[in-house]
Each structure stands twice: as structure tokens, then as C-alpha cells.
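Each of the two complexes below includes subunit A, the first together with subunit B, the second together with subunit C.
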Partner chain A sequence: MHSWTFRLNALFTFTVTVLAFLSALNALSVAFYKPVPVATIENVKLNRLPGSGPKRPNAEARVMFDMSADLRSLFTWNTKLVFLYVTAEYSTELNRLNQVVIWDYVIENVKDAQLTVGKSQTLLLPRHHNEYPLVDQGRGIRSSADNVTLYLNWCTMPVVGFISRQREGKTEFKFPETWEKLAAASK
Partner chain B sequence: MNVMSETFQALRTMRKRQLAHQVINLGLIITSALMIWKFLMVVTHSESPVVVVLSGSMEPAFQRGDILFLWLGSAPFRIGEIVVFKIEGRDIPIVHRVIKVHEKHDGTTDVLTKGDNNDVDDRGLYAPDQRWLNKKHIIGRAVGYLPYVGMVTIIMNDYPYLKYALIGLLGIFVLTSRE
Partner chain C sequence: MGMNTDMEAQRFCEAFYQLVIVSFSAVGFVVGYWFESFRITMYAVFAGVAISCALCVPDWGLFRDKNPPAWLPDGCTQRPKKSKEATPSAATK
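Our next item is the complex of A and B:
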């Protein structure tokens, strides 16, 4: 009865059970935790409009913004990293909702969770940082009268457990109908 | 070799009834595993409720060998969600993040994805002439995360003999174990 295979099996089963139980406890321990992040995004400016020519199938722009965030409260013992991203959202004749990521950044350490991005303070973001042009599907973003809203969003990745998403801090701006003029002015 | 002969002895000395009992036990284990899987499929609306991450394209969030629990549901797709999708002509599903959503007035949605660790979006991975993902391509959204455990299936897929050996060993173990 007490052969080595039996003992090995018992040991393995026990280890796996304990690990599974502790992982479940870990995931549940932060399930009701409410972080208090602070995030603002403002001063949106359109920079360079490379796709503004009428022959381009999709309207396109580079968007600049100021942003500051204190996401330290998102880091618990069950936070592996925070994926921070800025989205532009608007509606057009073609689509009732358009969402486009224009910037993203990976925060792996609580020490990096306080950040300011903008013209006054330039933060060096060496790694895992991307900027994207705001490319519409079609050219509706030019003609649609709606405002474009920028949101600061983040996705919290756990060590083990549930992946969650949140958004905070929004700002609105309007796309001008005549981009050429603006492109000239922003030079 | 001692173990082998012991196992053989154990099987030989079993009475017919007990042997039948053990075989049924083995069948029960296999069918309940299947039932759990199918049940999860019904609950999550996803054809594959659990997937193993196979590439490093979502690093540092996911590494090769991590396990993701999926949920499809019927909610509209939103930006920042991590979705698992299948492309026609490709067997292996891909886990990437949604970076663009265009929702039409009739509710159909065009989605564009990108791996966090990739420099460009996924249009190069899609089928030729395919520019967007739609609901039919997406088999689930990642809602739960468990690191490392999927390494077991990766190793077993890389070394199929190990898989057969392990299954055989477990089978023998179940057959010969007594209360």
C-alpha cells in the first residue's frame, strides 16, 4: 500500500491542491478591492495631418495631449502589470461607435505608476510604449459634427486571477472640417 | 521493474467484478472531464473556454505557457479587450488585444487587433485581403489568468511519446488502485 508511487502521487496531489487553493484565495482577496486612481487628460492638439488629402480612403491625424495619472493604488500583491492606453472615441455616419487606440504604455512596477506626459514635462518612456496615428474607417471623422472624446483607460493584469479594465479622465475636442488650413497653421 | 510486476500481479489477482469496477472508474474519470469541458463551453459561449498562450507576442502580460480562461458572452466588443480569434486557413488561434473598434449602426462590428509586444497591427496575420475581424472570427475574450500551468500541454505536444506514456501510466494507476 505504501509503495513509493503511492507516496509520490499523494505528495503531488497535495501540492497541486494547496497551490490551487492559495491561488484562488489570492484572486479572491482583491476581488472586492476598490482602487482610487487619479487620471486626467487635457490640452488635445492636432499635430500633422498626413492623411488629409481627399484621395486617401481613410482620414488620418496625429493627436497630441497632456496627461497625468497616479495609478499606484492599482498595484496590489496580485497585480502583475497595468496596460495603460488612450483611446479616441466618436461616432460617424458610417459607424455608431468608433474606438481607436492612439497611445499605450506598460507599467510593470508601482514605482513607475505616477506619470505625466505632455509638453511641460517630457517623460522618457523607454520600453513598451507606442504611439499610433488616429486613422478613421472612411472619412467620416472629418464631416461628422460630433466631438471626439479622448479617454484614459487601463487594463490590470493579475499575477493569477481576473483581468479587469477601467477608464477615467476624458476630454473632448472637435475635428475641424478643413484640415488643410489647420495643417498649415500647426507647422 | 519491481513496479511493473507488482502492477501485473495486481491486475491478475483481481476478480472479474473488481476489474470491471476499475474499468468503469476509468471511464467515469474520462467522461466527467469531457462533461466539465462541454459544460464550460455552454456557460462561456466559447468553443474553447481555456487556451494556452503559445507565443510571446503579448509579453510582458502573457508568456508562453500561461493559461487564459475565456468568456465570449454576447456583449459588444470594446477597445482594450484581449480576444482570442481564429483566421481561416490557420489552425492555431491567436491571443491579441483589440486596438480599434468600428461598430456599425446595425450592430455588426469591425475590430482590429495587435499583440502588445508587436510593432505592427495584425493585418499581416489575417487572411489575404482581410482588413478586419468580425464576431465570427472571435472565439472568446480573456477574463482569467493562470501562469505557467500550460507549459505541461506545450511539453506534451512537443514530445508526443511523453503524452502517451503519461496517459498510459495514469490509466494503469487508476486500474490498479484499490480503495
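Our next item is the complex of A and C:
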């Protein structure tokens, strides 16, 4: 403490200790908080099947869906952002579980945490069909006996603490084997 | 450690910046919790750090020589010079 560099060093070391303590207190203050988010995803519609020809190695689809979520309760003072994403999950002969992220959205503010996408839009999002193509590894999704399930997932990223992942709301649809079948179904 | 070392002021300085930073962060934590923004808490801590930096870090000439150290009188720590008369036992052997 006898020179200004020693004092600066001591002061900043003490500050870092205080910051660590405050961060721990912050994490502790919301450790037992149970958020009650509401989320639904429904009315899935396949509206395009690019790559239906035999030359395309991987089956691909454009998917539309309705989605509504009220994630305001996820926001505390220890929430940095919520990463909302939709996954399509199905099993094929090649893989027991395929997970494809087809849409995502970053919520940074509690004001944006209530959203509806699809027919009854209150918030205009960039897209209400898949942002990323639903591409299968191979063409197994066409002949898969099981339905394809869409899940609404989100990751809550805190200021301090662990990232938590949750999923709520799912809906199923059947992937047709050919484009003709899809066209017939949509008439 | 120069001639201007002031132990009392060093002790006070350390206690002072700790008090300032801790009280700013305590108030900031409560206010940040109330407004649900950890950013407010951070800003409060940084304000406390800035204030204590300004007050405690530089060598303010104003406080110099308030508590000068009491040095021992000049020459009192010197070893007495050896002389032949002082060690007669060595001479007799």
C-alpha cells in the first residue's frame, strides 16, 4: 500500500472479489424461481418438397406452422437472452433419432417474449415457415413409418449460472413419399 | 518505502476503499434487484471503484507528513567497533 501501483492492484483485486460475490448472490436470488412459460405449436403444413427427383440425394421440405409462446416469466434479472428454436425429430433406418433445427429466434427483451407466429400473427417475424430447410440425411424420412414431430425448445442463457434447456409443445405430421401425394393431399 | 511512509494513512486508505466499494455494491444490489437489472448493480460497483480510485490511488500531497514514522536516532543501530582492549582473553592465550 506504500506506492500507487500497490494501491491500484489492491483496489482492483478487491473489486473482482466483490463482483464475484455479487454474481453468486444474483444466481442464488433466482435459484429457486420456477418460471411458468406457455408454448404451443400446431397446424403443420408441408408446402413444398424440393428435391423430389431421383437425382437429389437428400429429401428436403418446406414446412409451415402456427406457434404461440408466452415466455415472459423466463425473464428475471439473471436472464441475458432466450434462444427459441423449433426442431423436427424423427427416426429413420439410418439414424434412430434425427434432430433438425428448422427455425430459431433470439429474445433479448421481456417486451418481445410474448409472440405468435402463423395465421393469427400479432408479431411479424421474419418468417413463419422454416428458416432452415428440413433436410434429411438421405431419403429415409419419406419412407419412415413414424411421424415427424415438431418440438418448440428454448435455451435460457443467464447472466451468471447454468444454461437451462426446456421444451414444451409438440405436434406431429406425416412426411409423404412423393410430391404427387402431397399435391393430392393439399387439394 | 521512503521517508514519507505513513502507516496510519495506509491502514485508513485500505479500510476506506473497502468501505466505499462494499457500500456502493450493497446499495447497487438492492436497487438492481428492485428494477430487475443486474446492469444497475454493475454500474454502482464501477462508480464506487471510480470514486475510491480517485481518492485512494494517487499520492495526494495534501496528506503528506501527517503521521511521520518515528525513526530511531541516527547511528544507534551501528555495531560498536572492535578494539584490542575490549578482548583481553584473546590476547592472554
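Going forward, the second predicted complex is superposed on the first by the 172 of 187 C-alpha atoms of A that agree within 3 Å, B and C clash if a C-alpha of one lies under 4 Å from a C-alpha of the other, contacts with A are read in each partner's own complex, and residues count from 1 in each chain.
Methods note: a residue touches a chain if its C-beta (ideal position, glycine included) is under 8 Å from a C-beta of that chain, and two chains touch if they have at least 3 such contacts.
As the structure is a prediction and not an experimental result, all values here were calculated from the model.
*Asks:* Looking at the overlay, what does A:T116 touch: subunit B (first), subunit C (second), both, or neither?
*Replies:* neither
*Asks:* More subunit A residues touched by subunit B or by subunit C?
*Replies:* Here the partner covering more residues of subunit A is B.
*Asks:* Could you tell me if A:T87 is touching subunit B, subunit C, both of them or neither one (first, second, both, neither)?
*Replies:* First partner only.
*Asks:* Classify the contacts of A:R7 with the two partner chains as first (subunit B alone), second (subunit C alone), both, or neither.
*Replies:* In the superposed model, A:R7 contacts subunit C only, not subunit B.
*Asks:* Could you look at A:V159 and tell me whether it touches subunit B, subunit C, both or neither (first, second, both, neither)?
*Replies:* A:V159 sits against subunit B and subunit C alike.
*Asks:* Between subunit B (first) and subunit C (second), which does A:Y132 come into contact with in this model arrangement: first, second, both, or neither?
*Replies:* Touch partner of A:Y132: subunit B, not subunit C.
*Asks:* With both complexes superposed on chain A, which partner does A:T40 reach: first (subunit B), second (subunit C), both or neither?
*Replies:* In the superposition, A:T40 touches no partner, neither subunit B nor subunit C.
*Asks:* Considering only touches as defined above, state whether A:L97 meets subunit B (first), subunit C (second), both or neither.
*Replies:* first
*Asks:* Who does A:T149 touch here: subunit B (first), subunit C (second), both, or neither?
*Replies:* It touches nothing on subunit B or subunit C.
*Asks:* Can you give me the overlap between the subunit B contact set and the subunit C contact set on subunit A?
*Replies:* In subunit A, residues 159 are touched by subunit B and also by subunit C.
*Asks:* For a test of understanding, state which residues of subunit C touch subunit A in their complex under the given definition.
*Replies:* Where subunit C meets subunit A, its residues are 1, 5, 10, 13-14, 17-18, 21-22, 25, 28-29, 32-33, 36-38, 41-42, 45, 49, 52-53, 56-59.
*Asks:* Which residues of subunit B touch subunit A in their complex?
*Replies:* Listed in rising order, the residues of subunit B that touch subunit A are 3, 6, 60-61, 78-82, 97, 99-105, 110, 116-117, 142-147, 173.
*Asks:* In the complex formed with subunit C, which residues of subunit A make contact?
*Replies:* Residue positions touching the partner: 1-2, 4, 7-8, 10-12, 14-15, 18-19, 22, 25-26, 29, 76-78, 159.
*Asks:* Write out the stretch or stretches of subunit A touching subunit B in their complex.
*Replies:* Against subunit B, the touching part of subunit A is residues 3, 5, 9, 23, 27, 80-81, 83, 85, 87, 94-101, 104, 106, 108, 128, 132, 137, 153, 155, 157-163, 165.
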